[in-house]
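Before anything else, here is the set of structures, which you'll find just below.
Next come two complexes, and both contain subunit A; in the first it sits with subunit B, in the second with subunit C.
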Partner chain A sequence: MNNNSRLRYEIDSFVVPGDRLGSFFKTTVPGPGTSARKGHLYASTAGRLSIQQQEEQSLITVTPPHDFASRRVITVGQIVLAKVDRVSWTQAHVSIFATETGGTLQYPAEAIVRREDIGSTVPVTHTTNTNTANNKTSWQVIEAVRPGDWIVARVLSLGDTQRYMLTLAEPQLGVWYALSAKGGTVMQPKSWNTMVCPKTGVEESRKCAKPRC
Partner chain B sequence: MTKSAFKLSNCYFPLELPSSQEGGTKERHSGDGKTTRASHSLRRIHIDSQVLQSGSALVEMGHTKVICQVTSPVYASSSLLPSSVQLSMDEGTLYCQVNYLSHASYPTARILNASATPLDQSHQQFSSSRINTWRLSRESDLSARLLSALQAAVPLQQYPKCCIRVQVTVLQDDGSVLPACIAAASIALTRACVELYDLVTSCQVALQNGILLADPDLDEEESADALVTLAFLPNWKEVSLLEQSGKLSPAQTNQAIDLCRDGCRTMHRFLRDHLLQKLSESKTKD
Partner chain C sequence: MAKSAQATVAVLPGDNVTERIPLSSKLGTGLRYDAASQQVYATLAGWLSQQNKNTYFVQVNLSRYRPRLEDRVVGIVEDRMGQDGNGGDYYRVNIGASHLAILSNLSFEGATKRNKPHLQVGQVVYARVSSLNEGLLEPSLSCLLGPHDAGMPRKDWMTSEGCYGELKGGNLIRISTGLARQLLQPDNVVLQELAAAKIEFEVAIGVNGFLWLNSTLPEYTIVIQNAIQNSQVMTDAQIRAMVKSLIYTAKKKLQQDRDAMED
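Showing the complex of A and B:
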């Protein structure tokens, strides 16, 4: 495994940030955990050195014992799990608790879902199943989410200095977990726009996330 | 993750009384109470990491002890950031803060005596404000220097609209605080799995009576004619912080910087050995 690479350290040995791993050729490229500078590869994290073969290129990687801190950054296009804090006429304020790549975050981040981003305004093309009944274009925020609900949303943009911007405008995005207003029991989704309390049978309006089968 | 027990390695050694001899060469102690050191040697170094939460380090250089805690990434609305920090959309921000532990960590008597006039000495209630001013200015000074030393080594474009918070607490100040802070921050950043271009190492050199002393302790720092601090990225061979206070001839400046660079290389060896040891320990546990 070691023959083709001209690395200064053995494969599977430990390296430390800044260790110069070797030279940078067309076939030996920097992978995760390494960086390149002036024709040389340097390790950028403390971990185990390894090579991943990818077509004709070999990626030099250094894997740390725990995941990189940069994976916990909230990036555009990720699915996130958030809890609704408060709701106004124009937007819903939520706190992001977990992301796709980063897992559960240590500290929640603030975000908003605008009223225009709750319903789909154009036919969704990136899902395979276009349910025409689920194409309500304009929602009232209070009919879609309520404070205390947990929602699955997608990051639309990095927003301004205070908060991220999320969107619910896809069939699989929306409310995942909600408690009923009167009794506080966990409600079950009845359709794409209703949730029902199993004890009392009372229906409440929510934009429900499409359940995964 | 389990918290490991750590202890400060030499906090029970009594500090030597200031020497009563005038002039002549004074013996330099290396901080473990036993050995003396040459003018170009560093003091005894002890490093421990993951002492608080994940991403923390404790560094002792002689009697100077600092603890560093790194939190990353910190988002915009978090209570960990003061409102003065502005986050940028394109790349991350590094926020460094150095704090002195109150009362125990700095030489109160020396600060008071250094700035005392006969009139001040009789007014006890002003002494605490003088200590506070000294402490605040020193903390902000160290924070700014730590920030400029670390900024060269962290690839901030991986953290858009986030902040990496480096919090250093000085448990005891016995000279060479900034090199200890920088070493602790490097180890803590690595253990927090923040990618670094290179480990930042640092060393301080004092000029006293024409002799260059590496890693000065507090007495040597205060009686020195000049002080040179260098923060260096050893593999990239780049300098991230170079400071000089006092008066040096050009030849002496060159010699001081060379001595600093040797000190940085030694520090790098210590940092590297510690990180490799921790890696092999954690792998054998799995």
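Showing the complex of A and C:
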């Protein structure tokens, strides 16, 4: 037993909801899967007990053994992978299929990317001076994404009952995977605003995500 | 409908027209070459016509307008859709197609964020179809000079001398697309005759079947409108006679009214 944390159960033992894990100290705080009540830590889910060490605190964590669908939630600030369903003049309607931390969702979630949140058409580089920054214009939705494209976006807000709100306004966000309009070949990103079909050489306008190598 | 001078025979889709077309001609709209049988077939119903020395096509007359790129159309502003994020506004324009087209008020010559036209609902505009948006969105219109407007002078939207833009006053009538294309022929008889009759008028002909007409007197407007619509089913000689007769009747009536007022 790890004496530093004074837990009532061994690390990696299986605990069930309601098990009192120990006392709540400044250095021993409830992490995912646990909650604190009246100075004590309780397990709130069934799973393996573990400790995550953070600078001066120990996060007491209970990790469910299986990947429950309920764990795969969309939280604000997370990077998500989504597929574009349709576009309009003001926004793009997408379906979120996976999140960075939670993995693939059980059901796709609806979201929109508003035109204002696609970014500006002046690329943000280290050479951008303030004068040209005032001339930036926003993307036309249809020039940034197309139906069928897969995009990497960040969750801006949980939105309303019908949809989440996403943003593409960062250099690393944007179209990740797209097929060419004519031939259906997988296109390659040529620059921040262009994708090119490797077979025909035809270029198409997209707000490309920065390739991660 | 009245055939143009080069129209020869009426064809229906599926008709074999190989004998009627010289071997080395170019095939325009409505004609298809089947490589397997080496025959030329018509795919549209209309008049088989000759454009230049060696281009053949089928002259079609449809009431339904389907927008194509760089069509020059007359449209009616229906409503303001919203801002376009670049300081302009999007307007929905009725061009008689299956969807309302979109026109931005920054797509005018010399228009900037601070100096742009404010389109009113019900206003008539003459614009060109600048993009079909691949069918994902409504077609876009533009009042900027386009690739087919090479010789036109570039005038700001504020002067009303530009090629495209707002059409002030006047009347709008719906005609068939075939009649519209006929009127756009440089040798069109009815417009020539009306011009020769020395009544002042101006027309804007949209290939979408919207015809804007403006003249000094309402009597003349009615005469012109009737003449144009009648010309659809008349031969050239009949058109000349009709226009003469209509103008004569109108002028006589106007003279009678003037005389009556002076008494």
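Structural remarks
Definition applied: the second predicted complex is superposed on the first by the 164 of 213 C-alpha atoms of A that agree within 3 Å, B and C clash if a C-alpha of one lies under 4 Å from a C-alpha of the other, contacts with A are read in each partner's own complex, and residues count from 1 in each chain.
FYI, a contact is a pair of C-beta atoms (placed from the backbone, for glycine too) under 8 Å apart; a residue touches a chain by one contact, two chains touch by 3 or more.
Small disclaimer: the values here were computed from a predicted structure and weren't measured.
Residue contacts after overlaying the shared chain place A:His66 against subunit B, while subunit C stays out of touching range. In the superposition on chain A, A:Pro147 makes contact with subunit C only, while subunit B stays out of contact range. Taken together, the subunit A residues at the contact with subunit B in this complex read 14, 16-20, 33, 35, 37, 42, 44-48, 64-70, 72-75, 105-110, 158, 161-163. Interface residues of subunit B facing subunit A in the complex, by the touch rule stated above, are 54, 71-78, 80, 86-87, 89, 155, 158-162, 164, 190-199, 233-236, 271-272, 275-276, 278-280, 282-283. Touching subunit C in their complex are the following residues of subunit A: 86-90, 115-116, 137-138, 142, 146-147, 181.
Of all the residues in subunit C, the ones that touch subunit A in their complex are 81-82, 84-86, 90, 102, 133-134, 136-137.
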